[in-house]
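Listed after this line are the structures, all set down as C-alpha cells.
In what follows, chain A forms one complex with chain B and a second complex with chain C.
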Partner chain A sequence: MKVTLAMKPMTKGFIPIEAESIVPKNFLSGTDLSVWRGNRELRLDEAFSVSVEGSADRAEDVEVVLSGDTCRLKRVGEYMDAGRITVLGGIGMHCGNFMSGGTIEVHGNADGWLGREMAGGTIVCRGDVADYCASGYRGGRKGMKGGTVEVFGRAGDFLAESLAGGTVVVHGDAGDMAGAEIHSGTLVVHGNCSRPAANMKGGSCYVYGTARGMIPTFRKVGTVQHEGRTLIQFTGDLANRGKGNLFVKDYEYLD
Partner chain B sequence: MIVKDAVCPFCGCLCDDIEVEVEGNRVVAVTNACELGMTKFMGEKRMKNPILRDGNRWKDITYDEAIRYAADMLLSAERPLLYGWSGTHGEAQCVGVHMAELIHGVIDNTSSVCHGPSILAIQEVGHPGCTLGVVKNRADLVIYWGSNPIDAHPRHLSRYTRYAEGFFLENAFRDRKVIVVDVRKTETANIADEFIQIKPGGDYAVLSALRAIVQGKVDTIPRTVAGVTRAQLVRVANLCKSAKFGAVYFGLGLTMTQGKYKNIRNAIELISELNRHTKFTISAMRGHYNVYGSNEVNTWMTGYPFGIDFSRGIAFYNPGETTAVDILARKECDAALIVGSDPAAHFPRRCLEHLADIPVVQLDPYPNATTAFCNVQIPVAVTGIDAEGTAYRMDGVPIRTRRVLSTDYLSDEEVLSRMYALMQEAS
Partner chain C sequence: MTELLVKNACVIDPLRGINGEVMDIAIRNGKIVEEVSDAAEVVDARGMLTMPGGIDSHTHICGTKVNFGRYMSPEDMRAGRTPRQGAMHATSGYSVPTTYGNSYRYSVMGYTTLLEGAMAPLEARHTHEEFSYTPLQDTMANTLFDGNWGILEAIRDGDTKRVAAIIAWTLSAVKGFGVKLTNPGGTEAWQWGKNVTCIRDPVPYFEVTPAEIIRSVVEANELLHLPHSVHLHCNNLGTPGNYTCTLGSFGLIPDLNKKRQTLYATHVQFHAYGGSGWKDFCSKSEPIANYVNMRPQIVIDMGQVMFGRTTTMTADGPMEFNLYRLHHDKWSNHDVELETGSGIIPVIYRRKNLVNSIMWAIGLELALLTKSPWQCLLTTDNPNGAPFVKYPEIIALLMSKRYRDAEFATVHPDTESRVPLPAIERELDWHEIAVMTRAGGARALGIQDLGKGHLAPGADADVAIYPLRIDEVDPAAEYQKVIDGFSQTEYTIKRGRVVARRGECLVHGSNATFWVRPKVPENYDMGKDPDFIEKFDRYYTVRMRNYPVQDEYLTRSRCIETEADL
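For the complex of A and B:
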C-alpha cells in the first residue's frame, strides 16, 4: 500500500504541525487521523491531500510518501516499528523519534532531533541534519540505543549525544560536540568536526577528517589501519574514567 | 518614613538589609544597596496608564480595555508565547502558568537566555549546591568562573565571600582564597588571589583537564590547555584539594559560550570529583531577582523549569524547540505576552523581526525597548517597591519582598488574574 500525503499550503505557514500519527501502521485502518497545528487539531485531509493506492494487511507493506513543504512537520514516524516513510523534501524536528523498525528516507534536510532515542530501524537523510541528530532527550542518560542513521550531508552540533547503541554515519562534516557522552555504539564522521567524543564512557568514534578543539583528556595509543585509512587511536575520556576509543585522521588542540 | 529590612528587587542576591527612605509617594534615599539596587529603588518616569498602538501614535486606554485586548489576543492565537516572568513575584508567575495551560500556549522565562544551560546540566548530573550562608560561614576557597560579581552582583563579595566575616573562619579576609577564571582580566580578577585566563571557548577543555588532574592523571595533559599552562592547572587543582570547603560560582561566561550546558556539566562533574577529596559546592550566579523563582514555580506546577509547551494540553519541554528565542527566530508563535522582562533589548534581530509582525502585549512599569514592538503596554506596580510577593534568591531561598510605598498601580498578579478570569469565562 502506498499512501501519498501532499502538504497543503497553510495560511499560518510558520506554525509547526505535529504529526506523530503519520506512522505506516496507522494507515492500515484508514486515513481518519488527525494532526495538530499549534493548539488546533486538524483532520489529516485538512493539512494534506491524501491518496491511497493498493491495500495492505501488515505495516511492513505500507509506504508513506510525504511531499510539499514539510520542513515544519514534526514528529513524523514517531514510535514507528515497521514499513517505510519517504520524505521527498525536508522534514521538521523529531522525525523518527523512538522508532524501533522500518525505514525513513529523507531526500532533503532534516531538522533537529532526527532519530532521537531510536531503538532500531534505519534512517537515511540525503541532505543535511540539524543539531541533536540521533541523540537523547534532555537529562536522559541514554540516547539512541540501536538501529542505523546515515546522513549524506553535514550534521549540526551534539550529533549522537549519549549514543548507547547502533551506528551513526555522517558523510560530511559534523558540528561541535559530536558524540558527547557516548556510552556504546559507533559514530563515524567522514569530514571534520569539533571536540568529538567529549566525556565519552565507551563505544567508538571515528573522525576521518580533522578533530578541532580536541579534548585534552584522551590518551594517544598509536596508529591503526581502518578501512584503508591510517587513523590515530586515543582512549578516553580520562576525565570520565572512560574506556571509549576515538580514532581521528588528524587533530588540533586549543592550546 | 524609613522602611528597614526592605528587599532589593534587582539581582539574584536579593539583599534583604536595605533601608529605604520614603517621602510621600517617592523614594528619596536608599542605604546599604549597591548602585544597581539604588537606581532601581529610585526609578522614575513610569508609564501612567495602559497604552494602545493606534497607527503611528499611542492612545491612552483603561486597564479594563487593555486586559480585554490581551485576553482576546491570547484566546484567538494558535500558538501564543508567554515570555519573561523573572522580573515579577511568584504569585504572578503562578497565574501565568495557569493561563498558559488554559490557552494551550508556550510559557518560557528568561533563564532560556541565561542559566537555562545550567538547569539542563543539573538535569543530567545533579546539583551539589548549598545556600549562600553556608559559603559565607565555611568556605575557605571561592572560585568565580565566567562571572564578574563586582559589576553584576556587587554585594555578593561583601555579603558572602571576599569581604564577608565567616563563623568558622578565624580571619575570613586572610583565610579565604578567591580564584577568578575568565577570558579577560575583569574587575573581580583584580581582587583575586589567583587568576586563570582562558582562551574564549576553552572552558570545557580546562574543566576536563582539571578533572583528570584531580584524579592524578597529569601526564596526558598537554603543556597548555586553552591558554592555561599545565603548571597552573596543577597548582589550582592542589589549591582545590587542600581547601576545607570550596564553592564555585559560575556565570554566563560559562553558560552562554561554546558548548553551553556541557560546560556546566563538566564543571559539576569536576565538583563531584573534588568531593572525593574535600567538600565542594557549585552554584549559578542568577541574574534577575526572581529568575530562580520562575524556575521553581514552573517546576512545581508543570514539572519543568522553563520552555514549557502546552499546545497539546500537556506539558512538553525541549529547550532549543520550546524556548522563546527559538520559537521567535523560527516564527512559530502568533501572539506574545511579555511580563517582567525586555526581550527587545536582548534577543537577536531575527527574533525581533517576528515580534514586530505579531500582536504583542507587555506588562511593565516603564517604557523599554520592547515597548516599540507592543500593541498594548500595561503599566504595573514594581515588586519590592509598590507591590509585594515572593521571590527566590539565587541559592533557592524564598524571600518575601516588601512594599515600601503605596501607589494606585495594579500588581502583575492583579492584572494577570483579571486577564485569566476573562479567559476562563470565554472558554
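For the complex of A and C:
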C-alpha cells in the first residue's frame, strides 16, 4: 500500500503542523486521521491531498510518501514500528522520535531532533540535519538506544548526544559537541567536527576529519588502522571516569 | 454568609480526643461552628473517614531551590502531565512538579497546610511568589539560620539575646515562620571547601561549634516565644555511623517549652545510620527511637525513602557534593551570601541496592519504634526521600505488617541482616495515622491555636473526607484499599469550600501564609543597630531597605505576633 500525502500550501503564516499520526500502521485502518496546527485540530485531508494505492494487512507493507513543503511538519513517524516513510522534500522537527522499526528516508534536509531517542529501524537523510540529530531529550540520560541513522549532508550541534546504542553515520561535517555524553553505540563523522565525545562514558566515536577544540581530558593511546585509515586513538572522558574510545584523523586543542 | 454541613462523618480528631465517632460538622464562613441553619449546603459523608485537613510538617515545594530542581531536570516535566481542566491549570512534573501540580496533588490527598522546609532569607521573595501559586494550601516557611554571619558572631560572643534579636528581625523581614538549622555550621564551612563532621568541629573563621549553634539558637527561639521550635537538620547527613552525631545533637536539648517540643528533628531517617562505611552500613533506628521515647522535648519526622526516581535538594551543600561524587550525575551548588547555601542532585532509589533498601527500612522503623505518634510525623522530606504522592503507600506500610513483609521480599536480600524491620510486629491504627499526618503536625508547628489540625468550633474549616469505612476495612490485610483511600479524598474542604472531589480540584483557591513577627524591645531592634547595619551594607549585595519582603507578596497574610523576653 502506498499512501501519498501532498502538503497543501499553507495559507496561514508559519504555525507548524504536529503530525504524530503520520505513522504507517495508522493507515491500515484508513486515512481518517487528524493533525494539529497550533490549537486547532485538522483532518488529514484539510492539510494534505491524500491518495491511496493498493491495500495492506501489515504495517510493513505500508509506504507513506510526503511531498510538498513539509519543512514545518513535525513529529512525523513518531513511535513508528514498521513500514516506510519517504519524504521527498525537507522535514520538520522531531521526525522519527522514539521510532523502533521501519525506515524513514528524507530526500531534503531535516530539522532538529531527527530520530530523537529512537530504539530501532533506519533513518536516511540525503540532505543536512539540524541540531540534536539522534540525540536524547533535554536533561535525559539516554538518547538513541538502537537502529541506524545515516546522514549524507552535514549535521548540526549535539549530534548523537547521549547516544546509548545503535549507529550514527554522518558523511559531511558535524557541529559542536558531537557525541556528547555517549554511553555506548557508535558515531562516525566523515568530516570535521568540534569538541567530539565530551563527557563520554563508553562506546566509540570516529572522526575521519579534524577534531577541533579537542577535549583535554582524553588520554592518547596511539595510532590504529581502521577501514583503511590511520586514526589516532584516545580513551575517556577521564573527567567522567569514562571508558569510551575516540578515534580521530587529526585533532587540535583549543589555544 | 456561606454555610456547609458535613453529615454522618466518621470523625477522627486526635487533638479533641475524638476517635471514630459518627457526627456532623457545621461550617460557616470558612470556620467550624456549633450549628448552621437549614439553608446550609449539605455534604453527605456517609460514614466515611473524616479528619482535619492534612498538615505536611516538612516538605520542599516552593522557592529557589525547588525551582532550580525543575530547571536542571527538564526530563522530570515529561512525567505527570495533566491538561487544563475546569478550574485546574495544566500541570507537569513528578518529583519537582509545577506549583499547581504540587497544590492539586496535595489537595486530592486531603492536605490543606504545608510547611516549606527551608527558605533562604535573601531569596524569600521567590518562595512567597510560589506560595501564592500554591492556591489550595495554607503555607509557611522555615527560615534558614545555619550559617548566618551575624548569628555566628553573636554566638561566638556568647550573646544569646542578640541571636534572638537577629532571628526576630530576619523572620519579620522575610515573613518567615520558623527557625531552620540545616547542617548548622557545615554549610558555612563549605564556603571554605570544608564541612563539619559532627557537633564538636569548629566552623572556620567563626570558631563556634555546631553544638554551640544548636544550643544558643534553641534558647533564642524560646526567648522569642515562636510558635514552632527550632527545626533541625542534623550534621553529617547520609553518612554511615552518623547516628552517634544525631544522638549527640539530641542530647543538647533541654525541655524548655510546656506546650510543644523544644526541638523538631527533621528527616531523621537520613541521620540514623550505623556502620563505619558503606560495606557495613546498617540501621540504627533503635537507639534513635529509644532516645526519642525518653525525651518528650523532641519530635522527629520520618524522611521516609521510597523506591523510584526523585530529586534531592537541601541547604546542606557539602552533603550534596558527597552525593554527587557517589552518583556522578547532575549537580547544582549554590551559595547564599551571608546566610546559607544549597545543593541539588537527582537520584533514583533502587530496591536492588542494599544501601537504598536499608534506608527504606529505617524510615519505617523510626515510625514503628517511636512509641508516641505525636513524636514521629509522617514525611518523605518531599522530594528528598520520595515525592509526597507516595504518602498513601507509606501509611499502608505502617498499618500492615503483611504489606511490609510483601515489600521486604522484593528488596535486596542482605537487608535482613542489617535492619530490625522484619522483627517489628507493630501496626499503626487509624488514630495514630491521623496524629502523624495532621494533629501531630499542628501541635509540633504550634498552629493548633490558630485553628489548624482539629475540628473544634472556631477552627479553620479544613476537612479531608476519605472514601474509607474504618469499621469495614481491615488495614492489616486490605492494604490496597488503604492506599487507594488515602490517595484520593471523596471531598477536600478548605476554608469552608469543597476544593477537591474524587481527584478533581474544583476551585482556583487562594493561599494564606503564616508568618511570625516577634516584638522586641527598642534596644534589640536590629533595624536600628549600627553594627548590624554596617555589616549589612558592607557584605550584602542588596540594600537593607530592599531586603524585607513587601506585604504585596502575600495573598492572605496571617501574621503571628509574639512577645519576646529580651
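Note that the second predicted complex is superposed on the first by the 254 of 255 C-alpha atoms of A that agree within 3 Å, B and C clash if a C-alpha of one lies under 4 Å from a C-alpha of the other, contacts with A are read in each partner's own complex, and residues count from 1 in each chain.
Here, a contact is a pair of C-beta atoms (placed from the backbone, for glycine too) under 8 Å apart; a residue touches a chain by one contact, two chains touch by 3 or more.
What you are looking at is a predicted structure, and each value in this text was computed from that prediction instead of being measured.
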* Based on the superposition on chain A, does the combination of chain B and chain C result in a clash or a fit? -> clash
* Who does A:139 touch here: chain B (first), chain C (second), both, or neither? -> both
* Is A:100 contacted by the first partner chain B, the second partner chain C, both or neither? -> neither
* In the superposed arrangement, does A:31 touch chain B (first), chain C (second), both or neither? -> neither
* To do: Examine A:241 and indicate which partner it touches, taking first as chain B and second as chain C; both and neither are also allowed.
  => both
* To do: Could you tell me if A:198 is touching chain B, chain C, both of them or neither one (first, second, both, neither)?
  => first
* Could you say whether A:4 touches chain B, chain C, both of them, or neither, answering first, second, both or neither? => neither
* Structure fact -> Winner on chain A touched-residue count between chain B and chain C: chain B
* **Superposed model, chain B segment overlapping chain C, candidates 78-86, 132-140, 222-230 or 330-338** => 132-140
* Asked: Following superposition on chain A, which residues of chain A contact chain B and also contact chain C?
  -> 137-139, 141, 240-241
* Structure fact -> Listed in rising order, chain A residues that touch chain C in their complex are 137-141, 240-241
* Asked: Okay, in this complex, where on chain A does chain B touch?
  -> 12, 14-16, 18, 36-40, 72, 93, 112-113, 131-132, 137-139, 141, 176-177, 180, 195, 198-199, 213, 215-219, 237-241, 253-255
* chain A partner contacts - residues on chain B that touch it in the complex -> 77-79, 103-105, 120, 123-124, 199, 201-202, 204-205, 207-209, 211-212, 215, 217, 220-227, 258-259, 262, 265-266, 269, 310-313, 317-321, 330-334
* Structure fact -> Residue set of chain C touching chain A in the complex reads 72-76, 78, 328-330
